[in-house]
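One structure follows; several queries about it will come next.
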Amino acid sequence: MTDVALFGAGRIGKIHAGNIVRQPGVRLKYVVDVNATAAAELAQKYGAQVGSAEQVFGDAVVKAVVIGSSTRAAAAKKAIFCEKPVDLSLARARDCAQAVAKAGVTCLIGFQRRYDPTFAALKDRLAAGEIGEPQMLLVTSRDPGPPPVDYIKVSGGIFKDMLIHDFDIFRWILGDEAATVHATGSCLTDPAIATAGDIDAAAVTIRTRRGRLAQINTSRRAAYGYDQRFEVLGSKGMLQAGNHKPTEVTAATAQSVSLDKPEHFFLERYRVAYANEMAHFFDALAKGAPVKTTIEDGVKALELAEAATTSWREKRIVEL
Amino acid sequence: MTDVALFGAGRIGKIHAGNIVRQPGVRLKYVVDVNATAAAELAQKYGAQVGSAEQVFGDAVVKAVVIGSSTRAAAAKKAIFCEKPVDLSLARARDCAQAVAKAGVTCLIGFQRRYDPTFAALKDRLAAGEIGEPQMLLVTSRDPGPPPVDYIKVSGGIFKDMLIHDFDIFRWILGDEAATVHATGSCLTDPAIATAGDIDAAAVTIRTRRGRLAQINTSRRAAYGYDQRFEVLGSKGMLQAGNHKPTEVTAATAQSVSLDKPEHFFLERYRVAYANEMAHFFDALAKGAPVKTTIEDGVKALELAEAATTSWREKRIVEL
Amino acid sequence: MTDVALFGAGRIGKIHAGNIVRQPGVRLKYVVDVNATAAAELAQKYGAQVGSAEQVFGDAVVKAVVIGSSTRAAAAKKAIFCEKPVDLSLARARDCAQAVAKAGVTCLIGFQRRYDPTFAALKDRLAAGEIGEPQMLLVTSRDPGPPPVDYIKVSGGIFKDMLIHDFDIFRWILGDEAATVHATGSCLTDPAIATAGDIDAAAVTIRTRRGRLAQINTSRRAAYGYDQRFEVLGSKGMLQAGNHKPTEVTAATAQSVSLDKPEHFFLERYRVAYANEMAHFFDALAKGAPVKTTIEDGVKALELAEAATTSWREKRIVEL
Amino acid sequence: MTDVALFGAGRIGKIHAGNIVRQPGVRLKYVVDVNATAAAELAQKYGAQVGSAEQVFGDAVVKAVVIGSSTRAAAAKKAIFCEKPVDLSLARARDCAQAVAKAGVTCLIGFQRRYDPTFAALKDRLAAGEIGEPQMLLVTSRDPGPPPVDYIKVSGGIFKDMLIHDFDIFRWILGDEAATVHATGSCLTDPAIATAGDIDAAAVTIRTRRGRLAQINTSRRAAYGYDQRFEVLGSKGMLQAGNHKPTEVTAATAQSVSLDKPEHFFLERYRVAYANEMAHFFDALAKGAPVKTTIEDGVKALELAEAATTSWREKRIVEL
């Protein structure tokens, strides 16, 4: 039986808790959260106990931590399931990666999109050569609405907060590293976001070392919901990953023919991805196998987020 | 130069006139219509003259008639482009077929759907074996709204007026003849249609001699417009012919994701089909080649329409 | 805590077991199956014990049975989750319904399609008046391949085995009862099915008391997989329920633009439906509320299946 | 009767000739081409004569020229239907615009995409406020294959040759002018294109004066054909313009569910657009009304093409 501690009893913590307890041979021992009520409720729901970081890192039976403070967890020799970004500071993220490497512990970074059935199938088919060599990638990544401005202020900005996932998709799909990054953006939906020093719309272009091209477009607000698509042009064709819809109902009326809007937001859209990701984590742990999304991936995505932030702020092309 | 006479200067007559004058080596000589104004306008538009049936059938330079009274035209040795149904009376239709055969003239029946790019492509792919042997056919055929009740009264009823096309599709696609026909229907949109002795919704089932199955559903009123689809299940797959849309615009809003409704009605939906059909007629004429939709096809479709009418009226399965 | 006994440890039994143990406050106590190994494996997986019918019906703590022999379970005052069809014999099914009524126990018939997100959403939107009054229903219901002929021999035939679900959809969606049923069919894929006295392709037409029309088409073998669609034409528009796909990947190559085939078969297609159905059962039980799919629904669907069988065998329209 | 001279009897010249002769009250008088055979064939087909530039500009009855040398035509007071780009030299294009302004003649630039039914419908709906204020534009513009390298050498490069249309779409849809342009690209399909000093894949980002963002991606070779899509994100939703398909056939087989590839290339995809464009030209001429695509639009698009070329060559963001 593998005992696990969960840090965070919020929205995503609840998802992770549900997925943890569904793993065979895995037990949720602790729930840790500064919000004591939230921690208690979640702990009770799954027969776990409320704990503190001290307890968790001092408890030898705890083998893994989820959404953990990675450096400390590494030092305590726990396997780590770490939400992105590793850290808003690239220096600290690199330190953390070093600590993980030194401790030799498993560390999975929560780039859950790689575990999404649609995205993973596309990647598999690309890897199988269905469209030849990848040449161009277009990523559309839009939220249904912005988070509170107070969150935006401490979020690290749109590139670290939202596009970190898209930078990971870029590396995963094109299989190449960035040579240059260009980013531009605007604040078009809410002036308070600009006041907070951030933007709500961005356009990023990456050229890889092998000359492949990627364009990412993002908005903090799409009136029609959560929009998560990408397409790859290859030498022999194109693969597109489309949005998921709640149902397959089509309505034809005197006004129009209409379909469902995309799944509302990330909790719905990536529900299966979160479950797959957690299963992969414990499966890799059980087998001593490497994880698919490593802390190095987390650091690399953060480097791109920093480069994009610099490009946007300084209005110049950044070379990597 | 092939001189042609056009009978009928109404909605469909105008379409045919436009298609006639676009054929190389073809000249529209006469327009004949009891509505003298309509005839004059159409004749003037295309440099033709208003004529009478007597003139047309007595004029040796006229080689072909469009939407002609077929029996008389056959007797006058004119090639005939004949709108469906050949005649509301099956006996007269058979007489006409005999007259055509005896005269040895070309006679094309205006089953324009066979000349539609989507339907024709499906047929070609079916014939090429893409889905193996056809087993089942589903036809959806709905009008945006019913014609005036005065027209319905003289139309021969829903099976001869509307479904005649679908019966032809059935024969063309399944490549087999009907063994039994079952039809049922209702008047669901306008009681005046029932008063006129007709229905506005029908469901027809045909079993062929080789055991293949066809279902046709029809309505005189679909709130979302003209709906013309069919699908064939074969031993190796399925081919579906979908509706055509005016544009490929998709709109995603807070309410829904919406597409265009289908092309409004038959003049729009079958615009290309009508043009292809006319080109085929004159091409066959020029080459002395057989036409794709013969008067025998017209008679066979009418037989099915009669059988369906009988099945509906007498509430019994009709054997053929 | 509600203790439950599960009868059947086969394919669908496993699905139900997994859904039972996920219900809050519900415990799987017994697994019963003539296949002792299957029963033992499933029981062990979920911490239940292997039991016999005698044990189950004699154990007062067992409050509910899943896929149970309904009459006996009713006599033992257990709540019943009963797979369709209630019984292949209409007489016995009616006896069972009477026994359930007399015992006053909850009895849910496993018409899982009503719990499918797409189908349920369509029904809700129909009920909300989005397309006005329903007029016509088209149901396509095709399996990826036939079951073993030995199964077909004891299955009750295509109408009781496969179309029972579609007959339920018909009643649920059109909200009206059948006045006449016409069915025809053929054996087109495997002569052994004909030898077993059954068919593999069927076309059914139902006219309701209010004149609404339904067409059902079915095949035991669709080369492209499991095909489960239906559409309703209403006075103000149309609602269509389409197939679900495993992923939203589109591939464009020199050959074609292609999408995923539908979910492979019922275990995949109705995975969510089975879970929703079980949750509904225990929720209704906890609240003492009526279930959505009653034993009367089971009997009514069976009546339609019998009528269709008669229509097909005797080549006549059956009045109800 | 308006007499017209057509310059160019090649691929696009033939399309224009067909559209010219279909305009009511318009006569094709001259066909001019250095390829005497091509000129003669086309002239004969439509009852025109082969002419020279001298004849055309000296013939007072000629009221309009199509694909004409614009400056000279302006001097000769002819109305001009001018293919894009106005000129590969921005200076000469501006001179030409001045000549046109001075002569006061009608001059339509052949940005045919604005006359495409899908694109025009999207623009109309955008203008009607359906998705609020436009914020972001994504344009995908890919050819099925590159032109001969000899053509590429004299084409002005990918930005003037291919993207000139997309720059016009940008201005038309976002209704704003560019503030900054960033372009990057690669040669990924054929090294001969690089040797010719050009690229075959490009990614362009434009930020407008009002902060709106546009991304254009292009490739000279998409294995699946001609790909012409764009989408606009607005404050209240999104409008997408998709590809047109030759037919609406869907095939479901054991391998996949597949649709038609997009219309093969521009002659097919923009067939209706070319016809609409020509009709608009003569309609504007007849009414003395302004044309929708002016020589100023041609100059503006060329400015963007130059800026993009500079950005790509000098690896810097270009301000306008």
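Just so it is clear, A, B, C and D label the chains in written order, and each chain counts residues from 1 on its own.
Keep this in mind: contacts are C-beta pairs under 8 Å (C-beta built on N, C-alpha and C of every residue); 3 or more make two chains touch, one makes a residue touch a chain.
These figures come from a predicted structure and were not determined experimentally.
Visitor: Which of the two pairs, B-C or A-B, is linked by more C-beta contacts?
Guide: B-C
Visitor: Under the over-half criterion for shared residue numbers, do copies chain B and chain D use the same patch or different patches to meet?
Guide: same
Visitor: Let me spell it out: compute each chain's centre from its C-alpha atoms, then which one is farthest from chain D's centre?
Guide: C
Visitor: Between chain B and chain C, what is the separation of their C-alpha centroids in Å?
Guide: That gives a centre separation of 41 Å.
Visitor: Just give me the whole-number Å value for how far the CA centre of chain A lies from that of chain B.
Guide: 57
Visitor: Find every residue in chain A that makes contact with two or more other chains and list them.
Guide: Answer for chain A, listing residues that touch two or more other chains: 131, 222-224, 227, 236-238, 251-254.
Visitor: What does chain A use to touch chain B in their complex?
Guide: It is residues 222-225, 227, 251-262 of chain A that touch chain B.
Visitor: Quick check on the complex: what are the chain C residues that touch chain A?
Guide: 117-118, 121-122, 125, 130-131, 236-244, 246-254
Visitor: Can you list the chain D residues touching chain A in their complex?
Guide: 131-133, 135-136, 138, 140, 142, 180, 182, 184-189, 201-203, 205, 207, 211-215, 217, 219, 222-224, 227, 233-238, 315-317
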